[in-house]
Each structure stands twice: as structure tokens, then as C-alpha cells.
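By letter and in written order, the chains are A, B, C, D and E; residue numbering begins at 1 in each of them.
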């Protein structure tokens, strides 16, 4: 029973307090939903509860890791998880994102008369899963956490079940999600198969360390020893293809516009921010950990993927009229830029901090910008199940200058226009890419950014400029900017986000030392 | 060619054939049936690999639960066979898919070939059921369920808990998607 | 003919995976696409068990346990989605999933 | 003292112009008086400057203006012989014309603008005179052009003035273009543009200069002095008020070209000199030919100016800069006289300028007529009038030095006498041919006064001994040189033949007859056409502008639209657009096509795993 | 912090803060917005003049330095570092002057939603002031963009004909340019191992370490073409006339007058002194492109019939002179360019301002439809003449000295004589279009269109509130023209110290000893070919 104790002692549940709290909170939300008496009047009681709960958690977590608990690099659960400073940053990221999703969600759910409890429950479970996913140090945890997230996301995407689009997006996301997790799984299996018995599969054993065969460290050693083993290589690329699906990198980006298009607005934001960020955090962990031995092999592949992603995302986004599809495709392009930075971090192996922090910063800025945008989008009152289009925003600056300005901050930040924070983020990417001499990808990035100006500017134009003149017989759309009352929290959140985004464009104090 | 080998080929034929027929059969019900055959074949292969617990699980979970669910839904929705019109596009996409998959198989073949094991005879290491449960990091293979239980309760406690939440999320998700809407009229 | 080696099992499992993939590519009925996905997972399970058995390491087998859990949950959610969609659209064929397009 | 005077010379008109511009825009009379006073002050300062220095004393003063890198620019004053002469001419003639303007412009609406412009002109012209380096000369050169533009455009409501001012400036710019290149070339060849330093350097090493450099510098002269082929602007410039024509386009500004040549005389190579001499003489003939049939009194005078400038250029080309300066001076007197005379006539005839509408004005305005006659006699080279001395010196020099130039110049001299007497006869003799001329009466004393002074100078201005040596010190060597040349008598006879011949010819055609239109037109229509149209120069330029330059520029514009805006910019956008549509079309929303992406991706990735990396 | 430093900082912060305040609080309160805008535009104006007046021209470093070194990107060497040197001080003052004038015009304009307009314009002004006050290269770029972004919105909202498509076109075009130049700047940041990413530190680092010839050429190419697009270098100029034609007056003034100098400023302060080998090898190529600006765009300018598009084209044409001055890569050329930049900024913004006044009085910008305005508007005509003659380089106005000195610098090398010849043709071209506009608009008889307009509206001469912004520009223009030393000393000091490595014949252009200088020079003369072949060289040659 020694071993039993040994394993159990390793199960440091305390390290997981934010995740556990969040999961418990998720359950509690269900309970609140269940027992809230007045079902019609105070429907969003559990919405408020969820928001408050997450806000408190976020603040407490921040305080905790900023003030009390910033130890570095611990592992728990027999090395299945790895916590550290970066892990705490990631947790903050996801908590923030989840909080924003809940805030936007409350508005969306109210408008569409959907269930609050389930939505927040799923969001919080997904967030907890994401947090675990990004701290995982073992492929089993990785897989299980990933699937938890995925299974929470499928119903979220299809959450508005009265909408055909939402359901269709759900089924599409499910089919391709399952497909991609199958690919990921196959990759893990390959890695495990060779790792567990290297000699049987023509590989060199990494030595007689007593290590978990599914742990990242072991796989890392294995790959370092056998960079030419075909099964291992296949395993690696399959794992990467699974992650490519998450981050929406070519050629696994194809689902992105459809799913973004169909999902409810908060879920789109959630997908765009958290899910994608998780993919990147994971990718960073992998390429700077287990896949380090394969760097030379992977770089050209990633370079190709990144270039393709940038161009494909941007070009396709140019021709889009529907906003959410456009945002999805632009997200693909952003994934491409970030991939370049991932490559840079592979080049900077050993001293990867710079590129990694560049990516973190980029993702934070992307979070701010995305939630501003989706937050404002959620304020539109559209006809049932119709699409968000540029023309919905026509003349927003005149009607609601504050909102319009916030939205402008968000869009400009995404476009990487100085002095908004998105520019600094892009600059950091440029910088690390240049430092690692990724000139080709850098060129693609520059071209991509220029193309992206076209569609971002199209939107800005719609927001700022007066509506284009219409033909006589053309129907003037109804003003979608009505019913803006009772959204104080969301407005406040949008303002705060916009303000933060602006400040970070000029002063990056907190990140300064990390760069 | 010993008995085990014959059984291997038999069951693999079952699994592959069932799978292939499932993919190709017109009617969903028969597809589900073929699927069950395939799953049983895989379960049998598990048995051949001495993973008895998993074989049982395979039958219980897949054949027993999942496929029943499938059949149930097929019946519920009364889904007929794919549209009879074998348009050219379908044919072309079928061929393209076949070609792509063939390419995939070739890729896999090359991969296995490269590891040099399709030709040579590799050892099946004997299972030592009486060995210790673990060497401290990895769990030892065993035919007994005890090892499973040990692993799940110690080393894989966290994933187990997560899967619990996974199932909860799935459940909530299914509820969201299927609960009758009460508040909304029409 | 030499005796069955782990490679044989691996090959069978990969073939199962491929057949599953083929099903995803070929079938237009979303139910069958889901089934094909299950078949792919089965193939993976087989490979995993094979590897687990070859290396006498139980972690792989436990992995299979989790995979089965996930697969079942996925099917449940997928089917629930299909049913909901069928109520709306009256079809489970992939070519009818055409609302989300340019 | 000299320093103060030289500074005051420049500052005075500048301040006056500024004051006029800023404070006196609505107060024309005050502005006029201020301007005249300024001009008087200039004469005072100029005199004190000239006579404050010794006869041959050269005054030099300079202060750094600014410097960029290795290039130092100094604001310097150089007062040597030619500068003294020109200073005198400019300030003296300038004052007279200012006074004349008081009368002439008395009923003009925009007097302030006019007198402000005159002040700017005086400033610039004095600047040219005093400058000690080429860049400063260029600066004032341009400013002179600007003030000329301003004054030509005085009657801007008329299209004629508007076009003429534009033309004058642009054509001058073309000359300045060469001048500019010449200055830059000079700077990089000699390392300095200071005139004195240049002369020292050029004397030390005569090989440094080149014909190209000289000709480029001479471009400035060609533009400003309206020499061939940039002569087209001067006749048009007569659209300005007549005193302006007198001051700028006859007496001083156009003469600045000659002054420039004289100042950089040491740079010139023999080839360049020869070319300029030849060009000048041809211009003398050509302009005379054009003047023959003009009907506008001011245009005739303008062509005669061109012709006389040609004489000066010829003199310079013959290596007699002193004579050129001499002729400049005498020409300034008699041409200013004639222009002012014509101004008086025009003023009297209510801005009628066609000589065929004049006639018999001698009775109505005798003072004007007689002073004008003095001018005519002077320019025709009638013996012992001022023009005789300077012009015959040129002819004599040409006779001795270059016979080709002489022949051309001599023919020009005959023509000069013909058209000048034609002008005189048609204007002042006979009977009034129009209402405006019959109602004419003598102008006020403000206008006749200057006429008289200039008339006296036209008569006696040729006797160089009458002038203080300060003024003519530069000319004396050349005058002596000409004086020592042979064939004096022969030249006197030839001169007499020229002016008497001209007189007779024009008497034959125009004398004492009541003609209302050009008699040559009927007799020799071809010649008339040729002369009237100035050998079709305007037409050629017009053709160039309308048919070559304008279409060519349009062509460039179209090419830009086509290739840069269209092909390069829009083309790139279009290609991106095509790719965008292509990229968009992939996202068809079909699950099947999407799953193909997945399998292709998988196969691609796996294929890379097998083939890529170090295996390749 | 001394008073001067406060002024410097305030010149940036005051308009920016007031811009925000206007946008946030006074979006609908036009009266107060205007009042705030007065401060926003007057403060930089006064600060600019004051700092310029108190500037010590013989200090070859920076005056009034302010340094905040913890802005967040200190790891990249990026600090918030402000200061003025001989080159930036006059430009800073010029930005203040033009900004005041443009702001004045904007406040008095009858624009719709004027608060928004003023707020954005104040932002732009803050960016412009910051641009020239930045010592740090990153902030220099950032401020440029800070000023550029409102331009797009303002063109789109208050622009003239085709504003929507024009705004889009110039946004994309300028972003491309900005990104390319950003690439060059990032390259400098990464490749040069300097403690700080500002002008002096970089020069020091480069002088001590040196960059390889190939690297220099490549980075220079990035900077050249990036900046080139922003400054409308031929053949990347097509956005400019279209943009200026469409933009509202104040935006045209600020953009054409001040913002466009960004690229040139970068080339003078940064690219050529830091990358001498790059400059020398690209120089000849640049000279030919600049000729494209002068001759081709000059020809196009002549065939314009719209006043604003003529001014726009004309300003592009005159950018050619600036590029010429830079192309010769000598301190004479560079200082001359800076002088021309100052003067051109003033003259072109004056032109745009007056074009607006003309439009107000004639209802048209088509020159064929206006004529004989001078009779009723003598002052306007007078000022327009001044601006025209300034533009075409009449002595007495600042432009002349710049152009003349640039020509002079071209003569430095005998090889350039043909270029000198062609470039000098430009003085004829600009005289043609300038005077044509003058005579068409103000001289001659009134056109039917104008008479028709006159029936409905009264044509009046400049009002005091129109005279002030005009005079504010004319006076410094004359100041530079008559007393060039006022700005030339500082420019000369700064440029000479920066161009030491280029001027000193023994300098090795910051190259490692292995690369013979002669080769660079020889290659440099061939220009175009070396630019292309240099790709083969190793990028990291010097590192």
C-alpha cells in the first residue's frame, strides 16, 4: 500500500483550488437555478450569481498569486499537472474570459429567453477544463481536459436551440471536434506506443528513467532520442493537427467561420478567445517541452501552416459580408500570426520567455478586443436568427458615440492600429519573429496585416461614416440599436475593457519586465 | 499458424468487415447492426490481447449502450436510407474519399513498415499477474480488474474526477438540447 | 506465414481508423457519420490496448477507459443535437446542413 | 558711411513696400508719395554711395547670411565701376519714373498696389546691382521677375495682362533654370560664387571655366533681357502700365541681363563670347524687323528695346563690356524717355495705343512730342545725340572686330531708324485720326518734367566726359579702345547713311500723309505678315504648348492613371480581391467538403512526417 | 522638470488630453468643445515657438530632454524619451504653427458634428507634436500612427468627393507603408545591440559595432520604401493627390504639411546616418525615383483642373526635391531637405487653407469655373500669390533656400549633373502650374459660373478670422526666407554631427574592417543593380 500512499500524497488537490472552486461553483449554479423560486421575474438570479462568483474568484485568484503564492514550478498528481507563474497567468486569462462570457451571456440569454443555469454551468465547467488543460503535463489529463472542454462547448454552441443556425453550428462543431480529437488521440497513442516499449518499435529508449510514459518529460526525452522515428513523427504531427483544429490553423481552420457564425454571441467570443488561447498555451507547452527534440522537423511545417493560415484567413475574410464569419476568419489570421511567434519561441529554445510573453500579451490584447467587439455586438437587437452584418453598425457613432468609440477601440486593436494595444502585441510578435529570422513568415504577416486593414476598415467605415446612399427600392433596415436598457454591467464591462486596451497601448507596465 | 493467429484473423475480419459494411450499407439500421458486429470483433481482439476488462467494457458500453442509443434514435427519427439518387457528385466524392483514405492507409503502411515490425516476429511478453501493481510511476499490465481500480483511484484520480464533470457537462448539455421549452410559446 | 505480431494489431487498428474516416467522408447521414467517428475511436482503442499489452503497461488500458467514457458522452450529446436539429429541419442529412454558408 | 548707404539703399524700398502692403492698402495717395519719397531717398543714398567712394575705389562689404554644411552664403555688397553706373541709372531713372507715375496713375484704383510693386522692384533691382555673389544676384533676379510679374498683372481683369504676366514669369523661369544650373556649376567648379573671388580664380587658371558654364550663366541674361529664343515675353509684357514698361522693360530690369554679363565677364571663353555677340546682333536685326509693322506704340518700343539689348549683347560679345554698359546707360535714358513719352500720349488719348489712331499730336502736346523726337533721334543714332556715341561705338567695334556681326548690326541700325521715325510720324505728325487723339492735351507737369530731364539726357548723355568719372570709370578703357580704332570717318558716313536712309524711307511711306492703315500691308503683304507675326514665333510656341506639351502632359497623366493607379495599385487590389473570392468560396458550409479538408490535412501532415525533415 | 520640459511635454499631452475630453464629455456641446479646442491648438503653437526660440542651435545633442524609462517595453530598449535637436526643433515649431492654423480653420469651419472633428484633430495635433519631439524611435513611429488614424476617419466623415473609397484606399496604402517601415525599425531594434532604442543610442551602437553592408542595404530598403510610401515617393504617390483632394481642409493641411514629413524626418535622422552604406547604395536609385516625382508628377500637376488636386499633386512633386536632397546622402543635401521640409510644410498647408477660402467664395474648386476673383478679394489674392510664389520657390520664402541648396548638393557629384538638369526643370514646371492657377482663379474676367454663384452668395474678402491663420503661416515662411540662418544653424549642427560618418572620407561607414569601403562606393554608384543583387549577401553579415 506504499504505492497507494505515494500516489495519494502526490494528489495535491489544494493546488487546484481555482479549478475546483469553479467546478463547484458550476454545480452550485445549477442548484441555484433549480431552487430559485420565482422563475419568471428574477430569471437571471443565477446569472448574477455566476458573474459575481467568477468575479470574486478572479479577484481572489489575482490577489493570491500576486501577493501570497507566487511560487514557481510545482508539479502535482504524480507529475500530471504542472503549476507555475505562467499557469497562474493562464488561469487569470481564462477566468477573465469566462467572466466576460458570463456578462455577455446574461444579456444574450435575457434577449433570447434561454436558460441561465445551464449556460453558466457549462461555461464554468469549460473554463475549469481549460485551466486544467493548459496546466497538464500528461497526455491523459490533456485528453480528458480537452474533451471536457469540448463536451461543454458542443451544447454551448448549440445553446440557442430555437435557432437552426446554432444547432447546425453545434453539429458541425461536434463532428469536426470529434474528428480532430480522434486525430489527436491517434497521435497520443503513437507517442505512447513507442514510448512504452521503444525497442519494440525500432526506437531508442531514452534511458532507464522511471517515468510515466504519457508524461511530457518522458515524451520529450523520447523524441530527443528518436527524431527520425516515423511513428513518433506521425504521432507528433497528429497531435499538432488536433491542436491546429483548436486554434483554427490551416488546413484545420475550415470549420471556424461556420461555427462562429452559428453560435450565440457569447459563445462565439468564448470560442474565439478561450478555446483558441488554450490551443496556444498548449502548443507552447508542447513545443517548448516534449516536442523540443523535434524542433528542426517541426519548424518548416509550422512555417507553412502559419503562412497558409495568415493568407487564407485574411483573404477569405476580405470578401465576407457577415460579421461573425469575418471575425472568425480574422481570428484564423490572428492564429497565423501567433503561430509565427510560436515558431519564434521554438527558435529561442532555452530562452523562450520573450516569445512566450509576446504570445501571452497578444492573447490578452485579443481577449480585450474580442470581448469589446462581441460585447457591443450582443447589444444589437436583431430580427430572429438573422445575421450580423456591417450595415447593422451604420451610423453607430452618431447614435451611440460611447459604444461606437469602444467598438472602434476593439476593432482597431484587432487590426493592430497604433496606439491601441493590439499594435504593441503585433509589434512584439514582429520583434520576436525578426529576432529569430523568420523573414518569410514575417513577410506573410505584413501582407496579412495590410489585407486585414481592408475588412477591419470596412467595419470602422460602417461605424463612423454615415450610411451609404441606398437605391430607392432598397429597404432601409430597421434600427437594431434599440432596447439598450438594463445592461449596465455589460456597458461597464465594455468600457473597462476598452479603457484597459487603450492603456496597454501606451503603457505596458505589468508586462514590461516579462518581455 | 496457431489458434490465436486464426482467431486474430477471424476477429479482425469481423471488425474490419463489420466496419466496412457499416460504412457502405444503405440503411441506417443495418449500418448499426454491422457496427455492432465490428464492435464485437474489436472486443474479441481485446480478449486476444488479454485485456478482458476492456473487452467487457467494450461490449457493455458500446454494443450495449451506445449502439442501442443509436438504434433508438434511428427508430425515433425514422431515418430512411440515403437518398436513392446516386448523383455524380456523390460518386465523385465517394471515389475521392476512397482515394484519400487509400492514401492514408498507404501512409500508415509506410509508417509501420519503417518501424520494421511487419516482417519480423516480435515477442509477446508474458503477463505477470502477480507482480506489483506499480513500479512507482507506471502501472503494470494485468488481466485483473484490481489493477484498473488501483490506477483509477490513485494515479488517475484527477482524470477520473474530470471525467465525472465531463459526464455532468454532457448531461447538462443533453438536457439543454432536449428539455422541453416551457417559457416560450410557439 | 509468421505468427501475429503487435504490428498486425496496429495495422488492423489503423485500418479501422481509416474505415471510420472513410465513413465520415462518404456518408451523408449524420447518424452514420457519428457512428463512423465511433469506429475511428475504436480503432484507436485497439491500438492503445495493443501498445499497452506489448509494453505490459496498464496506463494505456486506463486511457482506453477514459476514451470510452468520452466517446459515449460525445455520442449522447451528438444524438441529442441531431434530434433537436431533426425537429427543426426534418432531416439528418449533411447536405441539408446548409444554413451556415457565405 | 558707404556701408550705411548700401544698407539703406536696400532697406528703404523694402520697408516702403512692407508699409504699403500692410498699412496703406486703401490709401493710395499716401502710398504713392511714400514710394516717390523712397525713390528720392534712394537717389540720395545712391549718390552718396557713388560719390563717397573714390573714382576707382571698389567698395566691398559682406556678412554671413547663412551656411549649410560646407556651403557658406554671404550677404555681400560689391560696388565697382559697372555697379556705380547701373546704380546711378536705376536710381535716377527710377526716381523720374516714380514721379511720372504720380501723374500717370493718378486716377488708378489700385495705386497702393502699383507703388508697392514699384518699391519691391526698386529693392530687387538695387539688390542685383549691389550683390557681390551669383547666388544673391539670383535671389534678386527672381525677385525682379516677381515684381515684374506683379506690375504686368496690374490690370489683372484683362485676360491680356493675366496671360502676359504669366508668360513673362514662366519664360523668365526658363532662363533662370539655365542660370541656376550655371551658378551650381560655377560653385562646384570654382568652390565659390563670390564675384571677386571668382575673378581672381578665373584669372589664375583660365582653363577652369568652360563654354557650357558661360552659356548656362548667359541663360539668365537671355531670359531677363528677352533675347532669342526667350524674347517672346517682352512685347506681351507691355500689358502693364506704361511707366512700368519704361522702368522695368526698357530702362533697368532687362538691362540687368547685360549687367550680369558684364559682372561675370572674366568667366567667358572666346567661343561663348562669339556666340553671344552673334546672337545679340541677330536679335538686333530681328527685333527691328518685327518692330517695322507693329501698330501698338508700346510694342514698337518693346521691340526696339529688344533690338537695343541685342546691340548691347553684341558689344559684350565683341569683348567691349564697357561699351555695352555705355549703351545700356544711354539706352536707359532715351528708352525711358520714349516710353514715358508714349505713356504721356496714351494717357492723353485715354489709353488708346494704336498708332494709326493717333496723329497730329505735336500740336496738342508739344512738350511730349519734342522730347519724344529727341529720343527718336538718339536711338536712331543721329550724330551727337546720345545714341550716336554708344551705338556707333558698337558698330565701329564690330566693323573692326567681326564683319558678320557688323553687317547684321548695320542692317538693324537702318531698320531702327525706319521704325522709329515711322512711329514718330504716325503719332505726332499729320492729322488726328481718331476722336481720342483729337481730344488729347498736354499732360501735367508731373509727367512732362521727367520727360524734359530725360530729353536733355538723351541729347547730351552721349558725352561721357560730361559725367563724373565715378559713373563712367568702367567704360573709359573700352571707349578709349574704340576711340583708337581705325575707320572713324567711314563709320560716321555709314551711320549717317543709316539714319538718313531710315528717315527717308519712313517719310516715303508714312510722312505727312493721312493714312489709316499700314501701307506695306498692301504693297508687300508677305513681308508684312512675316514682320507682323514676328516670324511666327508666337505661333510656334503656341503650337508647342497646345499641340505638344499639353497633349504630352495629358498623356503622362493617362499613363499614370493606367499603369500606376490602375495596374499597380488597383491591379494589386484586384488580384487580392480575386484571391479573396477564391478563399471565400472554400467556406461553403458543406460538411463533406470540410471533412475533405481534414483528410487532406491529415495526409499532408503525415506525408510531411514521412518525407519531410531530415529525411529529405 | 523645468519649465521648458513641461512645455515640451505639454505640447503633446494638452491636445491629446483635450481631445479625449472633447470626445468624451463634450460630444454634443459644441461651444465648450470649441473653447477647449482653442487651448488644444494654441498651446502647442506657443510651446513650439517658445521652445524653438530658446533652442541652442550649437548643441548637437538634444535639448529639453525628458526620459521615462519604464513604459513597459524597456526590454526592447523602448523608453519614453522626448527632446529636440536642431532638426526636430524647427519641425516641431512648424507643426505647432500649422496645427494652430489648421485648428483655427477647423474651429471656424461650419463642419457637421464639429466636436468630433475638433477632438480628432486635437489628437492628430498631439501626434504631430509628439512625432517630432520623440527621441525614441518607437514613440516616433507610434506618434505618427497616432496622428495618422484620425486622418482616415476625418476624410471618411468630412471629406469631399469619393470620400469613402478614398479613405479606404489611403488607409490600406499608408498602412502598408507604415508596416514596411515598421519592419525596418524592428530590424534595427533587433539587429543593433543598443541599450536604448533611440536616435543617439542607436548611432553610438552602430558606430561601435557596425552593421554589414548587406544588412544595411536591406534595412535601408525597408525604411526607404516604407517611408517612401508615406511620403508619396514615385511610384507610390497615387494616394496622395486623391487623398488631399477628398480630405477636409484642416486634415489636408496637417497631413500634407506636417505628417508627411514623418518619412523624410526618419530618413534624415535615422536611415541615412545609421545606415550609410545602405544610403549610398540606394541613393542613386532614390534620385531617379525622386525625378519621377518631379518630372512626371509635375507634368500631371500641370494637367489638373481641380485646384485641390493640383495642390495635392504639387505637394507630391515637391516631395521629390526632398528625396533628391536625401538621395545624394550628403549633409548639405540633408540639411537642405530639412529646410525645405519646414518651408514646404508651411507653404502647402497655406495653399490648402487658401483653397478652402477660395471654395467658400466661389463654390467650386474647378479652376475653369473660377476667374477674376482678385477684384473682390484682393487680400485673398495677395496671400494666394504669396503661397504660390513660395511653392514655386521664389526667394524671400523659405522654399527657395531648400530647393536651391538641394540643387547645390546635387552638383556635388559630377555623375549627378544629368539629374540636376532634369530636377531643375521642376522649377519651370512648378512655375507653370502655380501661375496658371493664380491667373485662372484671380485674374481675367469672371466666369459665368462665378457670376451665377455671386448672385446667390456675396463674395467678400478675407475676414479677420481668416486672416489670422493665414498670417500665422505666412510670417514664418517669410522668416525662413529672409533669415534662413534662424533655422539653418541648428539644422546644420545636428545634421553635420549625424552625417559625420558619411562626410568623413576615412570613415568606414560603420562597416567591419573586412569590407572595403571602395567597393561600397563603387557599388553604390551603380545604384539599381546593387539593390537587387544585395539579396544574395548574407543578411547577418555584420552581426
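By definition in this document, a residue touches a chain if its C-beta (ideal position, glycine included) is under 8 Å from a C-beta of that chain, and two chains touch if they have at least 3 such contacts.
A quick note: this is a predicted structure, and the numbers were derived from the prediction, not measured.
Engineer: Just to be sure I understand the contacts, which chains border both chain C and chain B?
Structural biologist: Chains that touch both chain B and chain C, as defined above, are A, D.
Engineer: Please state, in steps, how far chain E lies from chain C along the shortest route of touching chains.
Structural biologist: The distance in steps between these two chains is 2.
Engineer: Return the chain whose centre of C-alpha atoms lies at maximal distance from the corresponding centre of chain E.
Structural biologist: B
Engineer: Which chain has its Cα centroid closest to the overall Cα centroid?
Structural biologist: So the chain sitting closest to the middle is E.
Engineer: Which chain's mean C-alpha position is the greatest distance from chain A's?
Structural biologist: With centres defined by C-alpha atoms, farthest from chain A sits D.
Engineer: Looking at contacts between chains, which pair has the highest count of C-beta pairs?
Structural biologist: Chains joined by the most C-beta contact pairs: B-C.
Engineer: Once you find the CA centre of chain D and the CA centre of chain E, what distance in Å lies between them?
Structural biologist: 36
Engineer: Return the distance between the CA-based centres of chain A and chain D, expressed in whole Å.
Structural biologist: Here chain A and chain D have centroids separated by 77 Å.
Engineer: At what distance in angstrom does the C-alpha mean of chain B lie from that of chain A?
Structural biologist: 30
Engineer: I'd like the Å distance between the centres of chain C and chain D, where a centre is the mean of that chain's Cα atoms.
Structural biologist: For chain C versus chain D, the centre distance works out to 96 Å.
Engineer: Going through chain E residue by residue, note those that touch at least 2 other chains and give them in order.
Structural biologist: Expected reply: 172.
Engineer: Can you list the chain D residues in contact with two or more other chains?
Structural biologist: 584, 587, 589, 591-592, 595-596, 599-600, 602, 606, 609-610
Engineer: Which residue numbers or ranges of chain A touch two or more of the other chains?
Structural biologist: 140, 144, 147, 151, 154-155, 158, 161, 170, 172, 175, 179, 200, 212-213, 230, 234, 257-258, 320, 325, 454
Engineer: Each pair of chains that touch: what are they?
Structural biologist: After working through each pair, the chains in contact turn out to be A-B, A-C, A-D, A-E, B-C, B-D, C-D, D-E.
Engineer: In their complex, what parts of chain B are in touch with chain C?
Structural biologist: Touch residues, chain B against chain C: 1-2, 4-5, 8-9, 12, 15-16, 19-20, 22-24, 28, 31-32, 35, 38-39, 42, 45-46, 49-51, 53-54, 57-58, 61-62, 65-66, 69-70, 73-74, 76-77, 79, 82-83, 90, 93-94, 96-98, 100-101, 104-105, 108-109, 112, 115, 117-118, 120-122, 124-125, 127-128, 138-142, 147-148, 151-152, 155-156, 159, 163, 166-167, 170-171, 173-174, 177-178.
Engineer: What residues on chain D touch chain A, complex-wise?
Structural biologist: For chain D paired with chain A, touching residues are 576-577, 579-584, 586-587, 589, 591, 594-595, 597-598, 600-602, 604-606, 608-610, 612-615.
Engineer: Along chain D, where are the residues that touch chain C in the complex?
Structural biologist: The contact residues of chain D facing chain C are 584-585, 587-592, 595-596, 599, 602.
Engineer: For the complex, give me every residue of chain A touching chain E.
Structural biologist: My answer: residues 354, 397-398, 401, 405, 412, 417-419, 423-424, 427, 430-431, 434-435, 437, 439, 442, 446, 449-450, 453-454, 457-458, 460-461, 464-466, 468, 504, 506-515.
Engineer: Give the list of chain D residues in touch with chain B in this complex.
Structural biologist: Touch list, chain D to chain B: 592, 596, 599-600, 602-603, 606-607, 609-610.
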